[in-house]
Amino acid sequence: MQIGMVGLGKMGGNMTVRLLRGGHDVVAHDVSAEAVASAAEAGATGVDSLEALVAAMPAPRIVWVMVPSGEITERTVRTLGGLMDAGDVIVDGGNSRFSDSVALAASLAEDGVLMVDAGTSGGIWGLEEGYCLMVGGTNEAIERLSPALETLAPPDGWAHVGPVGAGHYVKMIHNGVEYAMMQAYAEGFELMAAGDFGIDLHQVAEVWRHGSVVRSWLLDLTARALDADPGLEELDAWVPDSGEGRWTVQTAVDLAVPTPTIAAALFNRFASREDNAFGQRLLAALRNQFGGHAVKPAEGGHE
Amino acid sequence: MQIGMVGLGKMGGNMTVRLLRGGHDVVAHDVSAEAVASAAEAGATGVDSLEALVAAMPAPRIVWVMVPSGEITERTVRTLGGLMDAGDVIVDGGNSRFSDSVALAASLAEDGVLMVDAGTSGGIWGLEEGYCLMVGGTNEAIERLSPALETLAPPDGWAHVGPVGAGHYVKMIHNGVEYAMMQAYAEGFELMAAGDFGIDLHQVAEVWRHGSVVRSWLLDLTARALDADPGLEELDAWVPDSGEGRWTVQTAVDLAVPTPTIAAALFNRFASREDNAFGQRLLAALRNQFGGHAVKPAEGGHE
Amino acid sequence: MQIGMVGLGKMGGNMTVRLLRGGHDVVAHDVSAEAVASAAEAGATGVDSLEALVAAMPAPRIVWVMVPSGEITERTVRTLGGLMDAGDVIVDGGNSRFSDSVALAASLAEDGVLMVDAGTSGGIWGLEEGYCLMVGGTNEAIERLSPALETLAPPDGWAHVGPVGAGHYVKMIHNGVEYAMMQAYAEGFELMAAGDFGIDLHQVAEVWRHGSVVRSWLLDLTARALDADPGLEELDAWVPDSGEGRWTVQTAVDLAVPTPTIAAALFNRFASREDNAFGQRLLAALRNQFGGHAVKPAEGGHE
Amino acid sequence: MQIGMVGLGKMGGNMTVRLLRGGHDVVAHDVSAEAVASAAEAGATGVDSLEALVAAMPAPRIVWVMVPSGEITERTVRTLGGLMDAGDVIVDGGNSRFSDSVALAASLAEDGVLMVDAGTSGGIWGLEEGYCLMVGGTNEAIERLSPALETLAPPDGWAHVGPVGAGHYVKMIHNGVEYAMMQAYAEGFELMAAGDFGIDLHQVAEVWRHGSVVRSWLLDLTARALDADPGLEELDAWVPDSGEGRWTVQTAVDLAVPTPTIAAALFNRFASREDNAFGQRLLAALRNQFGGHAVKPAEGGHE
């Protein structure tokens, strides 16, 4: 099938390659001319503007938008929507907030443009292994998109999970779960590193991969990371977070669902980026106030 | 090789079968005559006492003890140790506390009996898939045990992780990580169930298994469980915990390692078994005290 | 001074009484005629509509709105704003979301009506002890309001904490802190109840009130509650939450500030209201899947 | 009454002064001759050894031991016990682990020496305000000790909470609650500091002290600390913990009581002392593995 791809970064660029390998006709655009040239070299039709992209595709069109989430996604989708025709489909493949996707879809629907929200997981491994795709939208739109989904995903690796918004909702929660799983391993390996047995962390990661209850793809990556740098000495304890972990916790609060591990994982990422945290300084100040702890820590217990 | 197996329950019984399939000579004992008969039928030499087991095996012996952790394990190992000779090996394959294993091994060592502690993961799936085995002890003892480990584990599925105690230490942490991972999925799926999109939880579990970052064996089981009973309506929200999750948190506290997700997972299991928790009733009492909330909840926010 | 009071429930009614006792002239309105009659009996001028309230007060007016937070507050404030004149002041004394207050104030400002947001703490005790008031708005508005604030608050019990929105921001966080403090006591008293020493909880609450580090007003209430019902047997473990605890966590997530205790306290309230939680049933399902735990729990530890 | 005091540090020294002011006869010992001299100057009978202390007191004796918890306490109490007579009373006023106190008391009881465990709260403020004392032991022992307790505590500030061990049990939980309360304030004030309203933290601490639900002694100290150093710029985000917080969490795990806020507070103290935490580096490593995040963080969200 023919599909437009807007955004040719690490994700969109690889997806373009995978679509081309799957025999699809890809019309590719990015703000970087270099990225467009690279896609063209791989076999795509490169275009230098959204207008050119729309002009290069006969209706009914399907265009996959794969740009950083937030304002850029919204602006890109809205601009595209203004250029496209009733019956065209725009896929938001980024990590947009599900409520934003619902609103954006409603806005596009006024002009008859259909929106699909596709939660996309797999990172840089997706090029070879396929992307797990959680897709929301109407049956009609997703049926037309399905040949591309079949190519992008591994076998059984995509699903139509509900109306528009549902794709990003499921992907949001996916990332929340991922945060907590990563944190679970992080705690376990830190505990092994802290104990007295001189545990070889890479060896444990490897053996857990074979037959244990905790085997997983994240554990495979853990083993790779510990193989490359057993003490993780080349890394800083500084962990960014994308919006989806935050939205998961905020949504849980809206829905009154307790999510202690997801919240703890998120808070640990926040804490990793704090320097001389105010709250901890207040604790030190209070200890000083009630116990004179700064002066004679040896008796520090008498709180 | 010849190996004794003491304890022929779900775990020990299956391990006996797997060892027999692997061509080993198993001398099997359990307090249940029925379990012994069943092992004998599968090809083991059944014996009706620890004395008979020791008598049936020429030195140097290797005996795997697979009984419920705690007092029974200690009593069984001590009794066996008293019957065995210097140079014999006892394997504690249960979920003993690592510090208990260290102490027990020191006690056996006084009579020259070697102890190996084997953390065993895999549950009822281990019979077919193999057990992940994390083993602690001396090189000599583990070398002699290795033919059995090769059979019990899947390829690359066992490791000598350190001196005696290390096996149960690593297994303890394995279970702590497992608790947090299970909790992560539980939160995510509850959140999907609570949202407005009418998500098909089984479908999501299946699609996440293919190409997503959160794919894992626990997710495979989640998909199986949701396939069998999509709304999990036949289950109670009542979750036991074995000792290892508790020991993980207590060890983390001893080592001053923050383990918020493992602790949260453990606390949630505790909470699942509380009925009309006192702490929550105290919260209700306080709300009533400061706001008369029980009387006029409509203005309940003015705390 | 003259002040209008809209909303004569538990909070607004008591504040009216306190204002009257302080010598102020209160024009009082509520949708309940009974509440109006009661305020009139206490000395207020009762009116049966917002229009009548505005008509009864010469400009420049100050009207305190004390209705349940959310839609009712917004509607009431907007309606009042439409009736009032430039230079008039509306005080939102409820538990509104701070961002809503900022937006509402901006809307009122288009007509020259000033808004003050007053976070109000003290519950039913405020009538006698005074209300702690955290007030946001312009210097001019708050100066005009200050005689009422002096009466409503105990000595040193009100503060102008910033521009409009700041009052509800500080009150929101106040409630988040309160949730975590309540939870801290709840955990401690549950732990005392669970231990082996037969602790008299009321006795401990009383002794902690005198000289201990944890003495507080919430502890005073704890002692009262335990005095009235030592085993808290007349209460259910069911704890509502108002919006402010939720907003605190959501704001913390927006600001990337780790708030583990506030979140834990909120999640515990959510959990107290869950019946047969889906997440916990999923944990039970997983245990069943990997270990056949439902069948032979005695060996349940081999996860 | 006559009472021996062993340990004249910040706590024991101040308690000696308070006892002397109350008209008691104090026989005082410390390993520091300087501390003994200082107590003698205040009116105590200074002695330079435990032997001298026992010799200076006619039976039946009461000796209060106020030395750092742990090995020193145990050694001091055991030595004293060996020197004393049946019917004498030793008070352990330190922060000992309750189970250690139970064991120590059982050991002393073999020689007829009675032990009382006194949990002591109040810090450096206790000298003037009195110490909150939670006391465990037999009725007989505590009755004999009560004149000293009346002097040391503020009115209603001591209680006989149960048999020996109960005093330290209640004090342990007191400290666990204290950790969580401190953390609650720390989170709240950090959140105010992080927001956009330019909140004056000292002003808020002050106003909350008057009429708010969260008023407490810890809040009084918070206000003092913020008065002295509004930005807490002279402090490091480094927070020690004494044993009691840890024991609270470990005991909660033993008793299967969920204590999420106490555990979170403890973990935050641990985290405050971690430098480049291994677990956080593992998170960074995993992000790098699955997303190439280190290379192109701009698209970091596609996890």
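So that you can tell them apart, the chains are marked A, B, C and D in the order they are listed, and the count of residues begins at 1 in each.
FYI, a residue touches a chain if its C-beta (ideal position, glycine included) is under 8 Å from a C-beta of that chain, and two chains touch if they have at least 3 such contacts.
Computed from a predicted model, the values in this text were never measured in an experiment.
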Query raised in the report: Interface overlap for chain B and chain D, more than half of numbers shared or less than half: same or different?
Result: same
Query raised in the report: Between copies chain C and chain D, what's the superposition rotation on C-alpha atoms, in steps of 5 degrees?
Result: 180
Query raised in the report: Among the chains, which is located farthest from chain A on the basis of C-alpha centroids?
Result: D
Query raised in the report: Which chain pair shares more contacting C-beta pairs: A-D, or A-C?
Result: A-D
Query raised in the report: Where the CA atoms of chain C average out and where those of chain D average out, how many Å apart are those spots?
Result: 33
Query - Rounded Å distance between chain A and chain C, as computed from the means of their C-alpha atoms - result: 37
Query raised in the report: Once you find the CA centre of chain A and the CA centre of chain D, what distance in Å lies between them?
Result: 46
Query raised in the report: Which positions in chain B touch two or more other chains at once?
Result: 121-123, 178, 183, 185, 187, 190, 194, 213, 218, 256-260, 264, 267-268, 271, 274, 277, 279, 290, 303
Requested in this report: Going by the contact rule at the top, pick out the chain D residues touching chain B in the complex.
Outcome: 213, 241, 246, 249-250, 253-254, 256-260, 263-264, 266-268, 270-271, 273-274, 277, 279, 290, 303
**Report entry** Residues of chain B that touch chain C when the two form their complex
**Finding:** 9-11, 68-69, 94-95, 120-125, 175, 178, 182-183, 185-187, 189-190, 193-194, 218, 221-222, 224-226, 229, 232, 235-240, 242-244, 260, 264, 268-269, 271-272, 274, 276-293, 296-303
**Report entry** Residues of chain B touching chain A in the complex
**Finding:** 121-123, 126, 129-134, 136, 153-159, 161-163, 165-166, 169-170, 173-174, 176-178, 180-181, 183-185, 187-188, 190-192, 194-195, 197-200, 203-204, 206-219, 248, 251-252, 255-262, 264-265, 267-268
